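Paired with subunit B in one complex and with subunit C in the other, subunit A is shared by the two complexes that follow.
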Partner chain A sequence: MLAALFHILIFPGLLFLMAYSLFFDFVDRKIYARLQNRTGPRWYQPLADFLKLLGKETIIPDHAAKKIFTFLPIVSMAAIAAAYLYIPLFLPESLYPFDGDLIVVLYLLTIPTVCFFLAGWFSTSVFATIGAVRTLTQLFSYEVPLFMALLAPALLADTWSLSGITAYYSQHPFYLLLNIPAFLVAIIACQGKLDRVPFDLSEAETELASGTFVEYSGRYYAIFRLAIDCELVVVSSLIAAVYLPMHSDSLLLGIVIYVLETLLILFILALIRTIMARIRIEQMVVLCWKYLTPIALLQIIANLLLKGVL
Partner chain B sequence: MTKTFMERAVDWGRRKSPWIIHFNAGACNGCDIEVVDALTPRFDLERLGMLQQGTPRHADVLVCTGAVTLQTRDRLKQIYNQMPEPKFVIAVGSCACSGGIFDGCYCINGGVDSVVPVDAYLPGCAARPEAIIDVVNKLLKKWEEKQKEE
Partner chain C sequence: MNQRITIPIGPQHPSLKEPGCFTITLEGEKVVSAVVGVGYNHRGLEKACEARTYIQDMYLIERVCGICSHTHSTAFCQAVEALAGVEISRRAAYIRVIMAELERLHSHLLWLGVAGHEIGFDTLLMYSWRDREKVLDALALLGGNRVNYGINTIGGVRRDISPSECEQLRSMLDFIEEEDKYFIDLALHESTLAARLGGIGRLSYEDALRLGAVGPVARASGVPTDIRVIEKYAAYDEFPMEVITDEHSDVFGRAVVRVKEIMESIKLIRFALDNLPDGELKVNVPRRIPEGEVLSRTEAPRGEDIHYVRSNGTDKPDRVRVRAASEANWHSVAHMLEGDYLADVPIIIAAIDPCYSCTDRAIVLDHRDTGCQQVLDWEALRRYSVDFYRERGFDAKSIKIPERKIIR
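Take a look at the complex of A and B:
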């Protein structure tokens, strides 16, 4: 019981996730800055931002639905932290593995996006509403290719559990190369999931102020920001677990491998963020449905055929 | 009154992460160019923790340029009221400090301090980006010292 609480709340659960996400945010901003030939933020910058927001006055707009408005940041944070528990991080198995945890993780990761939509919707500000509608449009375009791309390797491994995928691919490491198209699709689609350039349409600072979060301030905005950072960690861990399942039985080595893998994925994500500009919403829908979905579909068909052959 | 650990941590955070929002109250655009200049990679405000925010709800420092016209007067007041406490206002440029060359014009209300309380004045036509960075830094330093005395 105590051990379970320790795992869930401290390591590798909530507290570790928060600390690692602040570090991740720093690395992300630093890479972004260095690629733009800037010095970039100091290492404690995300922590300072978080503390400052915690101490600021919290304003709730008169027209907003107060209960939901204050509830949403916590729900999204909780969903993300729950998803983190089911991903194998340092050891070949996650904390609570069961058959089908891949699907559960994917759906838990949808909850924050829905929360962002509701947050914008219930702020009843024009900017926030437009941002909210865009969040939903985005959800409908990237979700399908992202899910298909993440399920393709699982199909080849003939299991719906993340630990099963790890076990299968550590026996046949070369089969990982077959999943490269799906990996690329997932990397592009998860930029949409994470609201990052080129798909940061719902936040679009120049046109929508800050989109969905326009009315959020102080504590609630701090939790939302933390949730977004944690989502970045969880999604990179998920991609690492599905496409680069390299784990070792010793905890220490496992941690090193985990950090290196996730930083590699973060580097790719930051690179995309730097070299791209924001695209329009209909361009995003076209990109996702016309190009990413067919590639992911082809990958699934190929994996199904291969499974018969291999 | 001694402060708890959490209060001191929050004070530290405030000092290290001033987020700014830029508002043009009727500038000739000269000062705005300089503010934007201060945000470009050459000066890199992020290394000091400053970020530009799109909405007043997230901002700590209102960087206001230009003399306040009758048109923008109410908007400036509204934006100021939308910012959560603690908040600071910096008047950038001679026009924002006093009305500058536009002072006395039929459509001008006066400097920024004729509408909202101003914490720091930065004269110059136009104010240099180095000066803008410096004024934010000095403002927070002064605020920090005041916080320590309390």
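Take a look at the complex of A and C:
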């Protein structure tokens, strides 16, 4: 019981996730800054930002539904932290593995997006409403290719559990190369999930003045920001677990491998953020449905055929 | 979703660098209509000019705009010089051209960064503003300041350019030329940039003429308007000039025109440095300017800049009218916004490179002509405001102002 609480709340659960996400945010900002020929922040800047936001005045709009308004940041944070528990991080197995945890993780990761939508909707400000509508439009365009791309490797491994995927690909490491198209699709589509350039339409600072979160301030906004940072960690870990499953029985080596893998994915994500402009909502829908979905679909078909051959 | 919603972009909005209010009516994500509201920054500048001498006015006029300060002071100087009937030396005219083109370099690089930021492409912002620093350093070298250089004075210029400064300028130009080649390549071939800028904010050749667009906005619609060529002021008559135009007629075209104009400006500065004539910097101009009126035009980085000066024979102008380039371009903005997506609103507004504060002037409505009944005089306005608050339960008369205690 005590050990379980320790795992869930401290390591590798909530507290570690928060700490690692702040570090991740720092690395992201530093890479972004260095690629743009800037100095970038110091290592404690994300923590300082978070603490400062916590201390700021919290304003809740008169017209907003107060309970939901205050509840949503916590729900999204909780969903993300829960998803983290089911992803194999340092060891080949996650904390509580079961058959089908891949699907559960994917659905847990949808909850924050729905929370962002509701947050914008219940703020009852025009900017937030437009941001909320965009969040949903975005959800409908990236979710399908992202799910298909993440399920394709699982199909080849013939299992719905993340631990099963790890076990299968440690036995056949070269099969990982077959999933490269799905990997690329997932990397592009997850930018939409994470609200990052080129898909940061729901926040779009220069158009919507930070969109869904425009009415949030103080500690609720701080929790939202932290949740978004944590989401970045969880999604990177998920992609690492599905496409780059490394096998190691020692905890220390496992941690090193995990950090390197997630940082590699973060680097790719930061690179995309640096070299792209924000695209329009209809361009995003076209990109996701016209290009990403067919590629992911082809990958699934190919994997199904390959499974018969291999 | 056919419900129409109206959102205000401004007066406080992260994409606007100065206050202005754009009331956008949306149908889904499409802009149905747009109303441009400017006038938040009236500074009483023209009236202030009338209360000061011509030399004092120079300091005011230089501060009309933070970015195109030199071109405003050039236009004003030209007007006063024409009234006084003096001609400045060739060297002074060349130095004015060098400063004007340096200013264009830094303004266009600034615009490129702002445009990048508006479409969420912050890397472009960081790169172009990094290069812009070099130009600002050069301006600080020549003028002593990064923004208001104080080079112009009535009758010539205040500072000379030494041979060593020429050398430093040349090395700066080489650097900017290399960087600008990269920006031209980026503007013409980068796919997300083309996807975001192409086809939005359309302004056809006819509309550009009808709505009176000036500067890069007009040139991107294929109108070859450039005061440097039409009315060869300062030393531009001796320069080989090429007017950059583009046929895209959209925001993409405006970006292309601007990055190509950077190249053209570099060429002009090089030519000026090579052929810098000798001569006096300043000729004397009498303090009292003879009676008369003059309209003077210059080409600011944003377009045509018009100054009107009327003198009454004293050392103070009778009337000064400043028409900044953005004022001419505002009229086309609403037209450009209609039919585009909300996502494109910031970049379309930014594409005219707007200067809000430079534009804002008080406007007097003559109700005899317009039939407008809403013109209030000062007393009526005071009474209106008292009634306005009384209706809302706030009586100004009921407030007792405590007697002032005099502290000794």
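Things worth noting here:
To be clear about the criterion, the second predicted complex is superposed on the first by the 310 of 310 C-alpha atoms of A that agree within 3 Å, B and C clash if a C-alpha of one lies under 4 Å from a C-alpha of the other, contacts with A are read in each partner's own complex, and residues count from 1 in each chain.
The rule is simple: a residue touches a chain if its C-beta (ideal position, glycine included) is under 8 Å from a C-beta of that chain, and two chains touch if they have at least 3 such contacts.
Since we're looking at a predicted model, the values are computed, not measured.
Of the two partner chains placed by superposition, subunit B and subunit C are both touched by A:N37. Once the two complexes are laid over each other on the shared chain, residue contacts for A:D49 go to subunit B alone; subunit C is not touched. Using the contact criterion defined above for the overlaid structures, shared-chain residue A:M284 touches neither subunit B nor subunit C, since it reaches no partner.
Of the two partner chains placed by superposition, only subunit C is touched by A:D200; subunit B is not. More residues of subunit A lie in touch with B than with the remaining chain of the pair subunit B and subunit C.
Judged by the touch definition given at the top, the superposed model places A:M276 against subunit C, while subunit B stays out of reach.
When the shared chain is aligned, subunit B comes close enough to touch A:Y221, but subunit C does not. In the superposed pair of complexes, A:A209 makes contact with subunit B and with subunit C alike.
Once the two complexes are overlaid on the shared chain, A:V126 sits against subunit C while remaining clear of subunit B. Using the contact criterion defined above for the overlaid structures, shared-chain residue A:E57 touches subunit B, although it does not reach subunit C.
Across the two superposed structures, the residue set of subunit A contacted by subunit B and also by subunit C is 36-38, 127, 205-206, 209-210. Contact residues of subunit B toward subunit A in the complex are 7, 9-14, 16-17, 19, 41, 44, 46-47, 49, 53-55, 57-58, 60, 82, 84-86.
Residue ranges on subunit A touching subunit C, taken from their complex, read 35-38, 126-127, 129-130, 197-198, 200-201, 204-207, 209-210, 274-283. Every residue of subunit C that touches subunit A in the complex is listed here, in rising order: 5-7, 13-15, 26, 29, 116-124, 126-127, 130, 192-193, 195-196, 341-346.
Within the complex formed with subunit B, the subunit A residues making contact are 29, 33, 36-42, 44-45, 47-59, 127, 205-206, 208-210, 213-218, 221.
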